[in-house]
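In order of appearance the chains are A, B, C and D, and numbering begins at 1 in each one.
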Amino acid sequence: MLGTGILKGMVETAKNFAGSYHDPERLTTVEYPEQRIASKENARQFPFLVHDTEDPMKGLRCVACQICEKECPPQCIYIVKSKDKRADYKGQMQFYPATFDIDLSVCMSCQICVEVCPFESIKMDTEFELSNTDRFGGLLVNKHQLAKSNEHYRKIHPTEAAASDAALAVEVAKAQAKAKADVEAKAKAAAEAKTKAEAAAAAGPVGAPASAPAPKPSSPAAAPAA
Amino acid sequence: MTLPFAIIAGLTVGSAVAAMSLRNMVHCALSLVLTFAGLAGLYLQLNAEFVGLTQILVYVGAVSILIVFAILLTRSTEPKDEPSTVTPWVGISVAVGAFLTMALAVLASPVGKRIAAPAPEVSVKTLGQKLMTDYVLPLEVMALLLTAAMLGAVIIAMREKEGK
Amino acid sequence: MSPLWCYLTVSALLFCIGLAGALTRRNAIMVLIGIELMLNSANLNFIAFWRFSETPETQTGLMFALFSIAIAAAEAAVGLALIITIYRHFRTANVDKVEEMKG
Amino acid sequence: MAELFAKLDALPVTLKHLLLGLLPGATPEWLVAVVSAVLSITPILAVFPLMFALTTVIERKGLGRIQNRIGPNRVGIPLTDIRLFGFGQFIADGIKSLIKEDVVPRAADKVVHFLAPIALLIPVLLTYSVLPFGKNMVPLDLPQTGLLFFFAVGASTELSVFMAGWSSRNKYSLLGAMRAIAQMVSYEIPLILSALTVVMIAGTLSLPGIVESQTELKFGFLYTWHLFTPWGLVGFFLFLTAAAAEANRTPFDLPEAESEIIAGYFTEYSGFKFAIFFLAEYLGLFAMCGLGITLFLGGWLPPVKLAPFTWVPSWCWFLGKLSALIVLFIWLRGTLPRLRTDQLMGFAWKFLLPMTLINLVVAALWHLSANSIPLVARWPLCFAMLAIPYWLLGRGFEAKFTKREYRFAN
């Protein structure tokens, strides 16, 4: 009969109304600033730059390779490469970003910069309370604001951070092994050279042996963090 | 002439002039509504409450809406610069002549000097009783007319079937 | 209360304004508005004469005004329906341009 | 004891007479009339807009609860932590709408655009002048034409809606206005017809007179509200349905269907003019509810003439019934989806209009058979005469609208 559907609906809404006062199933709202839900591990908001040492500026992993800048779909990253070089976490001499700006109002949180970064240096943050009173500059963040420690990364994304740390450890181990090998090779070469020199000194000059000490730069195909 | 009468009459006549002279037809319709409302005010002044409120209900509530709908449905495709009137002076002089005749007649007649009797005792009940006894034939004819008008209006304005 | 001639003059004025409009405006709807004004002025006359009559108890003027309002409503409905149909045929509501017999 | 309650009941009237008595003796008569009118108008202008303000908050909170949300609960007293359950919200909203920029479209018809909200609010406020809020508490007693005044003034709001929609020069505004006018014109007929049954039985157009007609006692204690008769019961629900459509309430809020035409006829209004539209809409709803109470729910009468009920002042009964109806409308708004335009028109012409006409006939029968058939037989007979057409008419709608085949979902 006409009207029974209306009555059924009204009973349902009345149940909702009454239930919202005693039944947590019927009132799932979290009153945000006072109550918060713990952030999910897969949550992501906007990128940040990882640093390792106490001083954020010195420990930035970023080497200003500008891959992320080129890959960024909305073009929200702006990087200026430094003129000089400095030692990175592996002790290798690298460029560093003189300027690293991200316009968060343009960023669309696609995570592509993270995917392409060979140095595990840009990661996604979970910070979301970014409201600002400055309409134009407020969301244009520079590298000082972007730099956050690896500890922070481990806290917000433990699983990813472990993978990232492992990858870096492999890199470091490789680099150390190589350095050690280099040192050994150098020592060996030096020893050989020495013996040869001695021999040469004894048996006259001979062409120098082909020893190529140039260390390979760390592999660009380093697996990004899983 | 009392002040309330002067105000209402001035409003009524002024808005009637506006209703007939404005270029924008929707403005004309809105001024016409003001005229209707002013007339209803005059009826109320004349102790004809029922007719005055019926005037508002029918004219302001229904007829003006009809006119407005008709204006919007016949949104003119005519050129704007064309004058909205034809040979205005002939029509206006005819109207002025008619007014002068009527005004002279009104002012000359002794009836015009008549002062109103104390407010008559009118009740809607007696009005209804009269409608059902003395005026029952006109009422029935009116009912027939309204039905016929409704059917006629629907049939005239009905969109013809596609492909006809 | 104002004497009768005031009401009659206002009524005459309204009638003539309506007449002038109906005679001079080109648009059919405006002509109809003029006719409505004239009908209303007649109504005002009915009411005024009723109020100033010797025997207002008979309520003849009120009755007449009521019937007149009903007729005016019917007239407006049919008239506007006609105007809309004419507009569909001729694509204009200008009374001067509607001069053919064949629609 | 009873005298005290009687005094409490007459408190507003006594207060008014007291204030009028303060005028110096030499005051001209017209000034006394003006002061008296002002004293009658002021409470209306104070109580009902305040009620509107509270209703906006209660409605949002209630709808929130219905939709498993909390609703506004933050705004309280500024600069403190006192939240008042969010009942400071309406003050914040009022301040916001007052200080917002008033945007008028460049192409708009400025004069009409400006006049439309005023032309809407004035008739809506005028409708309150004939409602009896309590015993001897009717601002403008029109013994011959009270109800007609209400409907005549109410009908003139349609034009203001058109003014708002047309003057904005916006297609959504115009569409909304056209929808609103078509809806209001269609639903005005069932509204007036359902109210007419009461006029027919009570034999008067005066609203206090209609309340008086419900003061007879049945069984010695029960007031004969018109709701307690079969035609009154059906008429009341028909009236409520038509009133919801007149006031543009859900499920008949097509004129402002935000998913289709933004905000309907007041799309191009902002700031305080928008607030006036909002206010007028709610005040129109309250006036309709007030009329429904007067016609069917015994106006300011308590349901029974027994001790605790008669102690409550009459104006409290009126306001209480009004609040109950407002809650009902909020509840309906939280429950029902919006109709489609053709469903809306079909419902008015194919269901409400026949039902109100049948109701009119049944009411006449009820009145004429008062002395010939005993109540025990008369009540079920009249009710059946209404229930069967209801069932038959309703079946047509169900066959049309409930059985639906889904090609892919099944």
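Keep in mind that, in the parts below, contacts are C-beta pairs under 8 Å (C-beta built on N, C-alpha and C of every residue); 3 or more make two chains touch, one makes a residue touch a chain.
In this text, all values refer to a predicted model and were calculated from it rather than measured experimentally.
Annotation: B-C is the more contact-rich of the chain pairs B-C and A-D, by number of C-beta pairs in contact. If you average the CA atoms of subunit C and of subunit D, the two centres end up 35 Å from each other. Here the spacing of subunit B and subunit C, counted between their Cα centres, is 5 Å.
Subunit A and subunit D have Cα centroids lying 62 Å from one another.
Chain centres here are Cα means. That of subunit A falls 83 Å from that of subunit C. Each of residues 50, 54, 62, 69, 122 in subunit B touches at least two other chains.
Multi-chain contact residues of subunit C (touching two or more other chains): none found.
In subunit D, no position touches at least two other chains. Contact topology of the protein chains: linear, an open path with no closing contact. Contacting chain pairs in the structure are A-D, B-C, B-D. Contacts from subunit B toward subunit C in the complex involve residues 1-2, 5, 9, 12-13, 16-17, 19-21, 25, 28-29, 32, 35-36, 39, 42-43, 45-48, 50-51, 54-55, 58-59, 62-63, 66-67, 69-71, 73-74, 76-78, 82-88, 90-92, 94-96, 98-99, 102-103, 106-107, 111-117, 120-122, 126-127, 130-131, 135, 138, 142, 145-146, 149-150, 152-154, 156-157. The touching residues of subunit D, counted against subunit B in their complex, run 112, 142, 144-145, 148-149, 151-153, 155-156, 158-159, 162-163, 166, 174, 178, 181, 185, 188, 203-205. By the touch criterion stated above, subunit C contacts subunit B in their complex at residues 1-10, 12-27, 29-30, 32-34, 36-37, 40, 43-44, 47-48, 50-52, 54, 56-57, 59, 62-63, 65-67, 69-78, 80-85, 87, 91-94, 96. Looking at the complex, you find that subunit B touches subunit D at residues 26-27, 30, 33, 37, 49-50, 53-54, 56-57, 60-62, 64-65, 68-69, 72, 122-125.
Those residues of subunit A whose C-beta lies close enough to touch subunit D in the complex are 1-3, 5-6, 9-10, 12-14, 16-17, 20-21, 26-29, 31.
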